[in-house]
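Common to both upcoming complexes is chain A, partnered first by chain B, then by chain C.
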Partner chain A sequence: MRRVCALNDLEPGEGLRIDDTSPPIAVFLTEEGTVHAIDDTCTHQDASLAAGWVEDCRVECPLHASAFSLLTGEADQPPARRPVRVHRAEVHDGEVWVEVSTAAPNLPPGVTLP
Partner chain B sequence: MTASIPGSVLIVGAGLAGFQLAATLRRSGYDGEIEILGAEPHRPYDRPPLSKEFLTGTMSAHDLGLDDPGAPLQARWSLGAPAAALDPATLTVRTSTGATHRAEAVVLATGCTPRIPAGMGPAGADSVGGGAAGLPEGAFVLGCLDDAVALRQARVAGARVAVLGGGFIALEAAATAVARQAAEVTLVAPESLPLAGRIGAEAAHALRELHLRHGVRFAPPARVHGLSADAGGRLRAVRLQHADGARAELRADIAICGLGAAPTTGWLAGTGLAFDGAGRILCDAAGRTSLPGVWAAGDCANWEPSGPVPVPRPAGGHWQDAVDHATVIGAALLGSGPPALPPPYFWSEQHGVRLQAAGHLIGHPRLSAGGIETADLLLVYELDGQETGILGMDRPREVTRWRRGRARRPAVVAA
Partner chain C sequence: MIIDQLEAPLSGSLMPTLPGHSYTDPDLFALEQEKIFEQMWNCVLRADELTAPGDWRVVTVGRERIIVTRNRRRQLRAYYNVCRHRGMRVCTEDAGNARTLQCGYHAWTYDLDGTLIAAPNLTKMPDVDRESYGLRKVAVREWLGYVWLCLAEDPPSFEETVLGEVSDRMGTTHSIDSYGIDGLKVGKRISYDVQANWKLIIENFMECYHCATIHPELTEVIPEFAEGWASQAGEKIHGAAFGEEVRGFTVDGSAGVSTLPTIAPDQDRKYYAITVRPQVFINMVPDHVIWHRMTPVSESRTLVECDWLFLPEVVDAGTDVSRSVELFHRVNEQDFDACEKTQPAMSSRSYAGGGALVPSEHHIAGFHAWVQEVLGG
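Right, the complex of A and B next:
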């Protein structure tokens, strides 16, 4: 596990993009107080899910209509078809720790790892 | 299920609205028969990339598919033959091959068909899956996958490209022609400031400046009067008529027609359906047409305005409306009080800048952040002290907050 940010860096209902992982991940604090981490890049096109709308433990992509479950990573409707990876996230002493999934990321067409 | 729920649904048009309606019904647990008729041979695919990522090669035809190959939609498909007639009394649809299809509810979702310059192609006819018929070699439209495949195969690099029209698809096509290294890209539109009527002068000005910075030229305002071809049938020039009546020619190797699109409803003439002046099928605020058991969704439909700002939506149509229509009709077919149609939302992408607009772009736009030179403006539209809409360039977070803070996502109902 690695520390990605402080709990204080997160705002309820908002996402924070963590850039020093590849691909970047998005960390969310829900209104209910739970913390989640998923891949930041939408699987449809190159959009940052950290800028999306969080509701009912899902994040809606800020560009098009797909919403991804923060628990399973599945997209609920087009245009995205493939899930994002979900990373295990835990909070210890006010710090957010994430275990990055070892699965291959579902990057959108045209986006490659550096 | 109650008796009012149709035991079978026939969807005419295997595009976005048609697919989304079938998917919504299945997600709600509907277990009746769903049959989908499509004019094109293709399974439903996503159209917005056809003027953008598909042309530049970033997305493939496979990437455009709407269905999930891992969990395909449970429906009966009848693809490759357009519906040619509807008998409203028996809710029976006949296709061009003479086959008949019948159900307890019929949903019309045939989208729209690109307009082509005057004097070209089959006048007045609905032409689907091959809108370029009748155009000289080197002239293209962008309505369906086959159109985009043809343009993608054309040698745009080094060519003189004329883009005809001043709508979103025209501006996107101009941007992709630049990305594909055309020698010259000239936009020909009747308006001096394309899209000003749709998004307001400020935002239209910002887009024009963006295109100018990327080398797109704007011809003096003119209407397309026709296309000239050489003896071999290859495009030679675009014939123009300027506002003062003067005629001119613009030499071009490639012409991309973005002259708007007409609803694909010609085949429904004589059925008793009510249409608006643009040829869209008139519907109530839940998608019911004037004929019992017949519904209409997406670009071919004009729904009665509803909601806090009951403003009619312009013809042409956008992606989100097709999806929202499908969600509302799905709920109404299943007998639950249908949700209200969410406020409009659309996006575009030009020269790598994402434009998004939510709500109604009426009243006075106020610059809330960013600027024209930096192509990152955020405009909030106000009428009588009320915020009616928002438009952002590369402002996904702000536009999403504004939009979702006012209208939540409609939930899927259970059958």
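Right, the complex of A and C next:
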């Protein structure tokens, strides 16, 4: 696992883009107080999910409104069809730790890993 | 022989008005939009028209269309309705609810705080600053339950301008506070599309010389209006007393609804009216408040929205307020009819030099002097 941010860096109901991983990941603190991490890039088109609207443990992509489950990564409706990867996230002593999934990411057309 | 109005000095009882072209010149109207409506605080909405996060409405201020919304923390926010990318209208309807403000052209997407949060390929353009390419912000305030906007780059102090004008005219702001306007609820709203210059509407509202002629119902309820002196004619506004037989501020003088609980004793059985420049009129009676907002559209057309505000329990109970509404609705129709019959004559050669103000209208000269000063003499 690796430390990605402090819990205090997160606002309830909002996401934070962590871009020193490849691909970037998004960390969310829900209004209910749970912490989640998923791939930051929408699987339909290049957009940062960290900027999306978080509600009911889902984040809605700001570009085309497919909402991804923070628990399973599945999209609820088109245009996104493929899930994002979910990363295990834990909070220890006010720090957020993430274990990045080893699965292959579902990146949108035109986005490639460096 | 034709008397040349421009050369004839008006003295004693009469003071001059603005010349006729002040009400008909499109260039002058554009200057008024620029120097008055796009610089001062404008009242645009009842705050309870936006309740949930993401509720939005588009309003007109001066020559601009402005999005007013509430962010996730329910704070009021206002933005120019212009996408920072290629300029398309971001909101293309009058009202809605959304989690983001997204342009329908290339999907540039802004959050409710105006920040650019997404656009196709935006993550590949890390040099694009999300704040500086956010929607352009407009200053917003809430006062007396209304949303006020100011487009000026450096907005004048709301306290010194709006609150200052009200307290100057009413004595202290406490006397308007005692009506509890922020806690009232709209019982009726009527929109009027008036084919007249906005200044004719303000001038009409400021004087009561016309009351005995065109407002028979109002003059029945407030007999002193037959003398021609408006509530706002003097240095300070005065409460105009109801007639002895009158029970309430209604079309037939019958009893109104529940009295506003915190009005002062000298506000009972009285009518007070005030103009808040440049586009608000507030009328206060013991059981309700009548609030006008003007939006000038052209040199010869002005939209007026009029709210009748009552105690929430009066509105929620479905109490019949029709006799209260009917009184000022008739006053509005009578006033706007007079303004519409005045507007066409403003371009007459007979009115080129303007007309006259009688003593009970002399305070309108102060409004004229203000307009001319703001426009640069």
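Assume the second predicted complex is superposed on the first by the 114 of 114 C-alpha atoms of A that agree within 3 Å, B and C clash if a C-alpha of one lies under 4 Å from a C-alpha of the other, contacts with A are read in each partner's own complex, and residues count from 1 in each chain.
Throughout what follows, a contact is a pair of C-beta atoms (placed from the backbone, for glycine too) under 8 Å apart; a residue touches a chain by one contact, two chains touch by 3 or more.
This structure is a prediction, so every number in the text was calculated from the model and none was measured.
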{"item": "Joint occupancy of chain A by chain B and chain C, clash or fit", "value": "clash"}
{"item": "Partner chain in contact with A:P109 - chain B first, chain C second, else both or neither", "value": "first"}
{"item": "First (chain B), second (chain C), both or neither touched by A:T41", "value": "second"}
{"item": "First, second, both or neither for A:Q77, with chain B first and chain C second", "value": "first"}
{"item": "Partner chain in contact with A:W53 - chain B first, chain C second, else both or neither", "value": "both"}
{"item": "Which superposed partner A:L63 touches (first chain B, second chain C, both, neither)", "value": "both"}
{"item": "Which of chain B and chain C A:W97 touches, first, second, both or neither", "value": "neither"}
{"item": "Chain C-contacting residues of chain A that also contact chain B", "value": "45, 47-48, 51, 53, 60, 62-64, 110"}
{"item": "Contact footprint of chain B on chain A as seen in their complex", "value": "45, 47-48, 51-53, 55, 60, 62-65, 67, 77-79, 81, 109-110"}
{"item": "Of chain B, residues touching chain A in the complex", "value": "16, 19-20, 23, 46, 53, 58-60, 63, 65-69, 319-320, 323, 347, 354, 356, 396-397, 399-401, 404, 408-409"}
{"item": "Interfacial residue positions of chain A with respect to chain C in the complex", "value": "13, 24, 41, 45-48, 51, 53, 60-64, 110-111"}
{"item": "In the complex with chain A, residue positions of chain C that touch it", "value": "72, 99-100, 102, 107, 109, 111, 117-124"}
